[in-house]
Amino acid sequence: MLKGPFLEKNFIGATTNYDEAEIVLIGMPYDCTCSNRPGTRFAPQQVRVESVGIETYSPYFDFDIANKPFFDAGDLEFPFGNAEKTLKIIEENTDCIYNDGKKILGIGGEHLLTLAEIKSIRKKYKDLAVIQFDAHTDLREEYLGEKLTHSGVMYRIAKIVGYDSIAQIGIRSGQKEEFDFMNKYHTLVKSPLELDKFKNRPVFLTIDVDVLDPSLMPGTGTPEAGGMTYIELINMLKCIKDFNIIGADIMELAPDIDPTKVSTATACKLIREVLSFL
Amino acid sequence: MLKGPFLEKNFIGATTNYDEAEIVLIGMPYDCTCSNRPGTRFAPQQVRVESVGIETYSPYFDFDIANKPFFDAGDLEFPFGNAEKTLKIIEENTDCIYNDGKKILGIGGEHLLTLAEIKSIRKKYKDLAVIQFDAHTDLREEYLGEKLTHSGVMYRIAKIVGYDSIAQIGIRSGQKEEFDFMNKYHTLVKSPLELDKFKNRPVFLTIDVDVLDPSLMPGTGTPEAGGMTYIELINMLKCIKDFNIIGADIMELAPDIDPTKVSTATACKLIREVLSFL
Amino acid sequence: MLKGPFLEKNFIGATTNYDEAEIVLIGMPYDCTCSNRPGTRFAPQQVRVESVGIETYSPYFDFDIANKPFFDAGDLEFPFGNAEKTLKIIEENTDCIYNDGKKILGIGGEHLLTLAEIKSIRKKYKDLAVIQFDAHTDLREEYLGEKLTHSGVMYRIAKIVGYDSIAQIGIRSGQKEEFDFMNKYHTLVKSPLELDKFKNRPVFLTIDVDVLDPSLMPGTGTPEAGGMTYIELINMLKCIKDFNIIGADIMELAPDIDPTKVSTATACKLIREVLSFL
Amino acid sequence: MLKGPFLEKNFIGATTNYDEAEIVLIGMPYDCTCSNRPGTRFAPQQVRVESVGIETYSPYFDFDIANKPFFDAGDLEFPFGNAEKTLKIIEENTDCIYNDGKKILGIGGEHLLTLAEIKSIRKKYKDLAVIQFDAHTDLREEYLGEKLTHSGVMYRIAKIVGYDSIAQIGIRSGQKEEFDFMNKYHTLVKSPLELDKFKNRPVFLTIDVDVLDPSLMPGTGTPEAGGMTYIELINMLKCIKDFNIIGADIMELAPDIDPTKVSTATACKLIREVLSFL
Amino acid sequence: MLKGPFLEKNFIGATTNYDEAEIVLIGMPYDCTCSNRPGTRFAPQQVRVESVGIETYSPYFDFDIANKPFFDAGDLEFPFGNAEKTLKIIEENTDCIYNDGKKILGIGGEHLLTLAEIKSIRKKYKDLAVIQFDAHTDLREEYLGEKLTHSGVMYRIAKIVGYDSIAQIGIRSGQKEEFDFMNKYHTLVKSPLELDKFKNRPVFLTIDVDVLDPSLMPGTGTPEAGGMTYIELINMLKCIKDFNIIGADIMELAPDIDPTKVSTATACKLIREVLSFL
Amino acid sequence: MLKGPFLEKNFIGATTNYDEAEIVLIGMPYDCTCSNRPGTRFAPQQVRVESVGIETYSPYFDFDIANKPFFDAGDLEFPFGNAEKTLKIIEENTDCIYNDGKKILGIGGEHLLTLAEIKSIRKKYKDLAVIQFDAHTDLREEYLGEKLTHSGVMYRIAKIVGYDSIAQIGIRSGQKEEFDFMNKYHTLVKSPLELDKFKNRPVFLTIDVDVLDPSLMPGTGTPEAGGMTYIELINMLKCIKDFNIIGADIMELAPDIDPTKVSTATACKLIREVLSFL
């Protein structure tokens, strides 16, 4: 036998025992409906590799994720170009996770994939609410005739959970019709207080990394100036950390777009923060 | 005939009818007097290409530029290395635009080129004022003996419109003599209120993209830490949006310096915002 | 009216008159089935932009493309994520080109798209042969269950034109089964002499830029060491330049992967060479 | 003889006369114990080269460094892989600088090197205090068994000058034990007022550039989101500019990680600011 | 349980059963003595990640590595800055591999590490010969006073196996003294025939990727123009593929230096070729 | 005094004594007439910095440049945007060098600058011949109306030394008229034998680095596929190394275009080779 010591091939701090895990981190490398710059398919594997560069201790949440049992399942294998089959694979695996009494932490991939997670989780949690951090409304009914598109994921999700069960934070880009939709249904949240309505409901937290300002997070397909600083995002997360978060995902990182790797390092930190309160 | 559909080769939302246009967007690809890192000559074409990635609707100004007729004239062709001829070509074309009763939206290229626009527009608007967003004073009388230089464009402009007809915002770099000049003539503006003196005058708006912090806008030749965030810039623009802006330009983007393309995407947004109130 | 002079927004040397054109250059920005690094969707627009950096005169073929009337139709607009609809749009536009008595020069985009061109052209030329320059066999019957994939385009094409009507040059990567296929049907060509069988037939020429060594052409999704030099490729093209080439495409350039832009500049030259004998 | 004019090979504004200099700028190109991304060895030479792009006048401190005599000694030559010998070379040269009645301005290289400067200066200033700007605690007793590591430099320094003689600003990453250490010894400073205790003592100022947010300073080995803006850092420096600063260093810039060169340009400005009050 | 399908976290084609493996692929991420550009520490993990982009079938050797049982042990964890301990860890693990009757395929990391493999293997194979592919002689007795340096690894190895038991291929850089050494001991090999003397001896094959021309392999710390093409390297390897190769390593890839990732993709292919005949 | 040891700030192997030098290496950082991608202004300083990464010994010419006294004068300071003044500064400094009985080794900067060197040297050597290595003919009489342009430098030089006193090697791009010129005056050299006519004349050697294939030398403004390998260039240089070379320059390196720095490293080697026989 080899003597080692060896570095882990998993996200830093992960347990290698699926059964004892409370949370399953799962990579979802798909980006085929994205409308601008692709490359989010490489996020899960790069996040895993770069995670060795961060500490397992979060000073923001005063928590060390080495103390929370989570399992890094690796990356699902998808048929490139076939969104429907891809969504089905995610839904089936999410079913497994919740049947096993665990929570998902999905690592995208494009934002459309969140739809499959929600479809699965909704089966178990009928009262599900969704909190979205994002630069974009993602409320298009269709994009160039396509219904399955990352620009319309929140529209599809709203159809499932109800317009009044979604909250959108950080939005600063969309068509006029989409902004009208947000105004009509009051989905756009500007103050943390507005989130309190979801306090006693099961909440899925979906973070599109482009909610952060592209100065910090250039590594994403459709960067939008005018976004949050890291501290502003952390402060919002602190407001919901005691909610009943029953699953989460972190989407739309495209590592190769940012040659400095700061985007990936920041996504690793963000995963750590979410793990600390999930 | 071809059936299409085809993507436009113009800036997103542009009309293809010169006559019906109120605004003429014109590319000015020249960077031969720049003192540090060149590359702004590639800005207009890359801005045109990348504009497909932004929405035509601006949530900041609640306006969709698809509703404003502007014409994308393309890029002027300049003799590299000859600043005088280049300035002449710009001046002549600016003359055309104003003779046709339209406004210019110049896309640089280096900041020196603004001089030619001002020379032309001053013929029509004798009371012209100039509002400059910039990291640098651009007040050098000469640079290594050269009078036509991007470091001295505001000095040349002040000679034309008068020291009291320029306002400078965001300045954080220059020689001591240049800061003394700003103090002497009170050209440096710190609060939007100070701009009210130009409220009833024709105003040309010139934005050097390096007024933004290089964290967001690294794609420029002489980046200066300590700049504005996008929101701070938007808020300043909101203060002047109802002024009589009779022309504008957006200068000094050097796209290739920023491999993430965030700088170019941000410049596209900025062009959209300026179009929305020009 | 504006005085100019203005730079063209088209590929260098193009005519702006569709009717007088013999060749239609058409951009096909789609990359959603690619299995490794995406980004070929940006090739046509960057090729157009960078073409200004090359000469219109080819010393290799002693020909100036300014003397050959070709029309740059721009880029087709595709529904991202929907390969079938995308192929249909290409097929319909190719139909138009051949109905108008012209030839296509397609600029990819991923290699799958060639399938649509062949489908269209085969309607007119029943005896069609296809010469492929490529690093990969592209002979997979399916990839992760998908039939429409860039890894299987030549398999699909062979089904249409017949196994004995394709010739493959530069191949150095594939599964064992694919190499067995090439051996069985003698599709792999090592000497130009082997191409003479197509001398009197209508030939479609499809060039995957990864046939070039990745030292020169890193800007492609699946680079394979051991490829051709530019001169070797030119010499092979000289062998077929007097064939009855009735259409061509140049596929799989992914400009952003190569920050030096040499890949794009080289693709521009290659387009010029192909135009010179098409 | 040559006529010139020639550009300097030194940091902008430096004197070429060692004897008249009050400050000695010295490059320390070593990065062999760094735990994540290396490359700080290239900082001093790139800072020297890029300094030509900044002004010698600082509007923040209203001071022109051309008026302060400082000597650019160049880069020390180190034996790669041997931290002990490297520290010794630095210590000996720092001894020279202080024996000659001058102050050091060290340009790293990795943060471990500060240890050697402190060892030397402590011989002269028994009451030495150290103010550290950093994202990381650097308080590890050892890293994978190694005591000489950039992750533990402040632990080693605290052993020399005493726990109550260090002040840490901007810290946002470390192990739980390290944060406990900071709490126990009150080394973490949140308000400038807390620094007043060092007002009448000789102070060494050590700045790890990663104290700045990685949006502005991606060019460093372990970037940590949530850092200071440039203005926030300047404002903190203004609070101590009248202290008895008897030496300083600026560490951990890794220029090649940031292809935009904004990180290096910002480090040049920071060196200018420190020179203006050192 | 999860349903999958999941992508592997190992090098493509690897078995997950150590016991049945004939070859152990082991990552050695250390680069602390390198004299120029560091970064080889990231090679093993990136090679693992990128391997998914190549085929398991080598057309050059007509072999599919999925048919050869090799185990991907992952990356050893080293104390950064301590070359001696690092070498000891490698030697101990190499001991394990050979005690278990298997062969090593080391993935560097810097070339110095080969010394530890040789030390271990020499215990078992007293008649060991070493064939080195490299741009550099690596024959320095010391570098700035250090004996353990990547510039001197072949000198150290020659001391162990004897000057007449090493063969050097592709060398094109070194000091005059090093070239004199090669001439004196006839270690430089120009024709494959010269290698025949090692035909009946156990041979360790060490490949510094900089033996390839930097046009193809820019991702290495000290690139030297004038190197081999991939085909030339393959042809040399074909000459020794039937030798008694009892171990091998592939060293000095620095992935981040090459943003196109062609260097890493090429290293993956090279690993495949070596696996096919090891 | 400082103890050191310090690294040099000059090109590796240079003497610091002007008087004893036979050759003067002089940086010429100007790129304002270049027609495509600028950035050659940064070549001399980066070449100086990166030279530390190469050996002083050339195995190709079996010579160590540490044995040849050459002086690194640094970079001339030019007025950006003013080609005439820039050429005058170069001419005056070249006059100095030849009046002092030394030879110039110019490091560009754009190719136009060679004109000033030739103007100066021709005063002393009436029988001067010029050997040009280049991808481009550089024979344009004017470019967009400008006579002083890097595209026309050989035309200007031919006017001075005579059409039959120039030899062009590696040319593969130009307008038809330029190729006709080369044919008419037999300036294009394909075999080294054709150079023998210059054997007994004073020869200036001007190397545009784009003569090398862009696979190896992407760091230049107008890369042209189909160029020389490094070995092919070396072999050509060996043919003329015993000529009476009375000066040389190496032009058109644009370091920032090539993020791998291989282009700069290769230029450093090329400078070493030229120094070895100059």
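Going in written order, the chains are labelled A, B, C, D, E and F, and every chain counts its residues from 1.
Heads up, the rule we're going with is that a residue touches a chain if its C-beta (ideal position, glycine included) is under 8 Å from a C-beta of that chain, and two chains touch if they have at least 3 such contacts.
Being a predicted model, the structure only gives us computed values, none of them experimental.
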item: Those chains which touch chain F and also touch chain C; value: B, E
item: Whole-Å separation of chain centres (CA-atom averages), chain B against chain D; value: 38
item: Centre-to-centre distance between chain F and chain B (centres being mean Cα positions), rounded to whole Å; value: 38
item: Mean-CA-position distance for chain D and chain C (Å); value: 54
item: Contacts with two or more other chains, residues of chain B listed in rising order; value: 37, 77, 213, 215-216, 259
item: Pairs of chains found to touch, sorted by chain label; value: A-B, A-C, A-D, A-E, B-C, B-D, B-F, C-E, C-F, D-E, D-F, E-F
item: Chain E residues within the chain D interface of the complex; value: 31-35, 37-39, 41, 77-83, 85, 143-146, 148-149, 256
item: Chain F - residues contacting chain D, complex; value: 1-10, 18, 24, 26-27, 29, 45-46, 48-49, 73-77, 89, 92-93, 96-97, 100, 259
item: Touch list for chain D against partner chain A, complex; value: 36-37, 172-176, 179, 213-216, 218-219, 222-226, 257-259
item: Partner chain D, residues of chain A touching it in the complex; value: 53-55, 57, 59-60, 64, 213, 215-216, 229-231, 234, 259-262, 265-266, 269
